[in-house]
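Chains here go by letter, A, B, C, D and E, matching the order in which they are written, and residues are numbered from 1 within each.
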Amino acid sequence: MDFAFLSSTMVTLIKAVPTSLMLFSLSIFFGGLLALVIVAMRVSGNPFLAGFAKGYIFVFRGSPLLIQMFLIFYGLGQFGVIRYSFLWPFLREPVVCAVLSLALCTAGYTAEIFRGGIRAVSPKEIEAARSVGMSGFLLVRRIIAPIAFRHALPAYSTEIVLMMKSTALASLVTVWEVTGVAQRLISQTYRTMEVFLCAALIYLVLNFVILQALNLLEYSLSRHRGAIPPALKA
Amino acid sequence: MPDVTRLSVRNIRKSFGTHEVLRGISLDARDGDVISLLGASGSGKSTFLRCINLLEIASDGEIIVDGEPIRMIHKNGVSRPASRKQVDHIRSELGMVFQGFNLWSHMTILQNVIEGPVHVLKRAKADCIAEAEALLEKVGIADKRHAYPAHLSGGQQQRAAIARALAMKPKVMLFDEPTSALDPELVGEVLRVMRALAEEGMTMLVVTHEMSFARNVSNRVVFMREGLVESSGSPDEMFGGGASPAFRQFIGHFGNSQ
Amino acid sequence: MPDVTRLSVRNIRKSFGTHEVLRGISLDARDGDVISLLGASGSGKSTFLRCINLLEIASDGEIIVDGEPIRMIHKNGVSRPASRKQVDHIRSELGMVFQGFNLWSHMTILQNVIEGPVHVLKRAKADCIAEAEALLEKVGIADKRHAYPAHLSGGQQQRAAIARALAMKPKVMLFDEPTSALDPELVGEVLRVMRALAEEGMTMLVVTHEMSFARNVSNRVVFMREGLVESSGSPDEMFGGGASPAFRQFIGHFGNSQ
Amino acid sequence: MTGLQLLGFGQNGWGAWLLVAALMTLAVTATALAIGAVLGALVASARLSGSRTLSFFGHVYTTIFRGVPELLIIYLIYFGGASGLTAIAQSMGYDGFFGMPSFVAGSLAVGIISGAYQAEVFRGAYQAIPKGELEAAAAIGMSRALRFRRIIIPQVLRLAIPGLGNVWQLSLKDSALVSVTGLVELMRASQVAAGSTRQYFMFYIVGGALYLVLTSLSDRVFNGAERKANRSMPSAAIGKV
Amino acid sequence: KDWKSATITLEGAYAPWNMTNADGSLGGFEPELAKILCERAKIECKLVASDWDGMIPALNAGKFDVIMDALSITDERKQVIDFTVPYAATPAAFATAKDSPLAKAAGTGATITMTAGQTGVKEIEALKAAFKGKTIGIQAATVYAKFVYDNFGSVAEIREYKTGADRDLDLQNGRIDLGFDDAVYFNNAFESAGGALAFTGPEIAGSIWGEGEGLGIRKADTDLRDKFSAAIKSALADGTVKTLSMKWFKVDVSPQ
């Protein structure tokens, strides 16, 4: 084991952690907001909105993020309309494009996850809410969202962790985060395993913290369930 | 008390698939009316209540709450309410206690009870809590106010559901077997509460299998059979000699076993 | 009929958190015994039934089914059954009708009823179907046999739950308010079925709020209060003059309203 | 050369090349999903078992295989597996390199990862089963195994279908990373075609479109399954007024 | 071990060095050269395509025996694998958009030679002045990247791309002003850019780019390395490399 190499690698990689975290938090935030809009459209009952949402989910969930990012970053600039529009000053920036494509993609997944959570809300509880005159946003905010979110949490944790890992693609568009830096180190030193192990350790620690936080959240949101009697455990 | 028609239902029909559950039911309820809805299991009592507050959409018929007809749109053989806002408003004036209680599982009992007043009626939270605690006290589960529904006994859940509906102070209450899970002592308790409400002028539609309730608390008895009102009348008429043979057979056990 | 003790419960205790719900309950049931379990809402009746078939693990006490004590392991203040196999076996001899029915939502009514006989008792499917249909006929929901539970009325679900429990032909039946959602006519019907089963020697423990059942069908009445057996005796003793004041207050309403 | 010719099935067309790669992607993903289903079910039951040790190991599995970048896991299995095999072979007197076939290594790696995702999906679905239904099953004396087979699996499958659709989608894309093992799947095929012809946009768009075709096929399967599984449920209350 | 057969890997997506034909077969400069080298070394060769990212670990794991993928001989790489003598060495140059104000910078069309570590070259100083405040795109972790950082890091903004192709697209999009890379590679890239890009400033050749491109071989396999080195020397000597180079690159890349 070459500890000097490992520690210098670690130092180099850790310097890229803030970039990764920045990409991660921005894309989770914007992706989450967008997902709420998409899932609202999806379950709205309006065929036009639902159709749009379906199409959106289909495209962004159905194609690889790598391709989406490539087309957004390198592809949009090919069109004069965009290059000479007010958007270009934003789209010109690699970070904006990276966050944009990460957020667009996670929104597709998250919308589908939230929809699954909504499906698991007992129709009886929704009926009870309607019978006191709740509907629309109030019904969603007070009854559907809390229950659905609890149901969706395990799947959503997975998605959040996936986003952490997906930020790795941002080096495609010249945003050098942890994986990108690791790959650059590899093409300089060709010590693939060592560098990758260091990178993996960083992701594992970050994701461990995230997962632990989400587990706590899950636990604290589960108080309302009757504990499953020990005699019944699967 | 002025003689106001609080709730008027005209010729409601409802089918599930090919099975026609309600085949044209009409009913009028005035201020302070307590109407018992009797009928065999599966005769459509719950469905009828659910149609009144539009949890099920009747395929035909008209519902008028407090003089305000619920506007419906009929298109391609499907009906739906014209205004969601109107529906919300009307529902907030119609209280409902479900047969299966349907408490919100993610909220404590107290939260269940104040949810509607605070978030639908937008009343001050402190007032709502005070009132809710008084209500829970009345139905005897004040000590369970911070428990979640999953940790309550059947009768406790049912009482929580009643308290939740009452907290909305609706003009009309729809009760679906509100005492089915209660012991005789509590049944007496709850019936006392209901009688008091009736005296304050609340209109009630009560699906029940409790003949003593039908006889002693309500001022009208409606007997449903196969999706129709088979017969109706004052308790004295119905439980006296004047009842139809079908109704007499229906209450037969009640008559016998006492 | 030989005088066999089918079910014997000794000194059962159970707490939820700090709340001690059962504080030492004992009970013996012989072949053909029909025991009514009465008590206020929240007095621990459901919990008691659930402890008997180990859906809740009592913290203390002993349960003996058909002479066979359920072996328990006590470790670090936590108890659990020693043999999972024994528990499964004993449960298949104890039928249970839940207060909330708990039908399997992904199966039709018929599938619900044959599930146990076919998959637990491993009996021939065709026989089970024939028997199940006869049972469903008996409780009056044969026409609903291909419907899913979510599409049934409350009373229909309750009858399906009864049929499901009976289909296992258990030696001991635990009923938790088996007629709460039924109309008087059906209550009479179901009580007739239960009486017939009692005469065939089935042992039954019935939580009920139906005093007419306690009085006319059961041969023993147990009155629970605050986690203890407050008093018990034959129906005649209990409903005659000899009852405790607490029990008399409990059935007060029942006495009054008739 | 026109775009149509480039994408066609003629002598200089990349049509067949891409199509075969798409089938390869499908095969890797399907195999991985099957492997993952077994692992996922095991891990989910470990996590729900109530046994502290089992639950701990389940937790470790899901944390590691969700937390570590997929590429590294593929590397470890492919190269690590190969070194292991080679060492075994050499100790038995054989000479040279013994690797796992790319397809096996790739599917195994993606399958192990997908197992962690599926475990979480199954766990979430299990927790959504109404508790009373499990009690009813226990009460008629169903053994654990029987309860698992007759009550839990059908309900978990019903509740897990949307989640499994997501996992399928994830695995479909994880399969793109398998190209480091030398397997020509859709992603690598598109990149090779793009690099060889320098028609980057065209081949990326076509590659993306082929992924969408695979998605629409699988969506159809999952939607059908969801419809079928939900026929016992009351019509969704959410869309109603 | 007597090398009767060997497996050679290349990416198959780096035209014109090596690429994949629509029928899945491999073509380009390197596959053709490999065939000749193997004949001369009397080794039966099998060509397989594999992913660039896994190439070196896979070589060391024993999955194949030779890497032939425009692999520059560098000191870092020498620590993990061995190289044959180079079979190619290419000059490097800047590229920009044809209509850019930076087009036709001083020295365009000329060739200068630099040695490793050389500084203070007057042509480079001139470029430095011209490129002040501009953005230069490079492929990360290449010898060219190091050159640009060393010479232009103080005056220009530098953006690193994972591949040269990505950088070329951004050059066309206008996100960056200049690109710096292998001139042979650029020659080919310009063609597919439809004439939108052009060289600017002088071509830079010489030992500054190291020894050139060689075959990568496991450190243990010295005999294999020597066989291929001998074959490369003979192919360079008799002009075979030059012929192939003119065919694929239209310039001679044989190392001087």
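In this section, contacts are C-beta pairs under 8 Å (C-beta built on N, C-alpha and C of every residue); 3 or more make two chains touch, one makes a residue touch a chain.
What you are looking at is a predicted structure, and each value in this text was computed from that prediction instead of being measured.
Novice: Using the contact definition stated above, find the chains touching both subunit B and subunit D.
Specialist: In this structure, the chains that contact subunit D and also subunit B are A, C.
Novice: With chain centres set to the mean of the C-alpha atoms, which chain is at the far end from subunit D?
Specialist: It is B whose centre lies farthest from that of subunit D.
Novice: Determine which two chains are connected by the greatest number of contacting C-beta pairs.
Specialist: By contact count, the leading interface is A-D.
Novice: Distance-wise, how many Å sit between the C-alpha centres of subunit B and subunit C, to the nearest whole number?
Specialist: 29
Novice: Between subunit B and subunit E, what's the gap in Å when you average each chain's C-alpha atoms?
Specialist: 82
Novice: From the mean C-alpha coordinate of subunit A to that of subunit B, what's the distance rounded to whole Å?
Specialist: 45
Novice: Find the geometric centre of each of subunit A and subunit C from their Cα atoms only, then give the gap between the two centres in Å, rounded to an integer.
Specialist: For subunit A versus subunit C, the centre distance works out to 50 Å.
Novice: Taking each residue of subunit E in turn, which ones touch at least two of the other chains?
Specialist: 53-54, 57, 169
Novice: Return the residues of subunit D touching two or more other chains; collapse runs of consecutive numbers into ranges.
Specialist: Correct list: 71, 75, 79, 131, 135, 138, 144, 200, 233-234, 241.
Novice: Going by the touch rule set out above, which residues of subunit A reach two or more other chains?
Specialist: In subunit A, residues 74, 78, 124, 127, 130, 135, 192-193, 225-226, 229-232 touch at least two other chains, as defined above.
Novice: In the complex, go through subunit D and note every residue touching subunit E.
Specialist: Its residues touching subunit E are 6, 11-14, 16-17, 71, 75, 78-79, 82-83, 86, 96-97, 99, 179-182, 184, 188, 191-200.
Novice: Give the list of subunit C residues in touch with subunit B in this complex.
Specialist: 16, 38-42, 46-47, 99-100, 140-141, 151, 153-156, 159, 176-177, 180-188, 209, 211-212, 216, 249-254, 256-258
Novice: Using the touch definition up top, name the residues of subunit D that touch subunit A in the complex.
Specialist: Result: residues 45, 48-50, 63-64, 66-72, 75, 79, 117, 120-121, 123-124, 126-128, 131, 134-135, 138, 144, 147-148, 152, 159, 162-163, 165-166, 169-170, 173, 176, 187, 190, 200-201, 204-205, 207-209, 211-212, 214-216, 219, 233-234, 236-239, 241 of subunit D touch subunit A.
Novice: In the complex, go through subunit A and note every residue touching subunit B.
Specialist: Interface residues on the subunit A side: 122, 124-125, 127-136, 138, 142-143, 146-147, 150, 221, 223-226.
Novice: In the complex formed with subunit E, which residues of subunit A make contact?
Specialist: 74, 77-78, 83, 92, 94, 171-172, 174, 176, 180, 183-193
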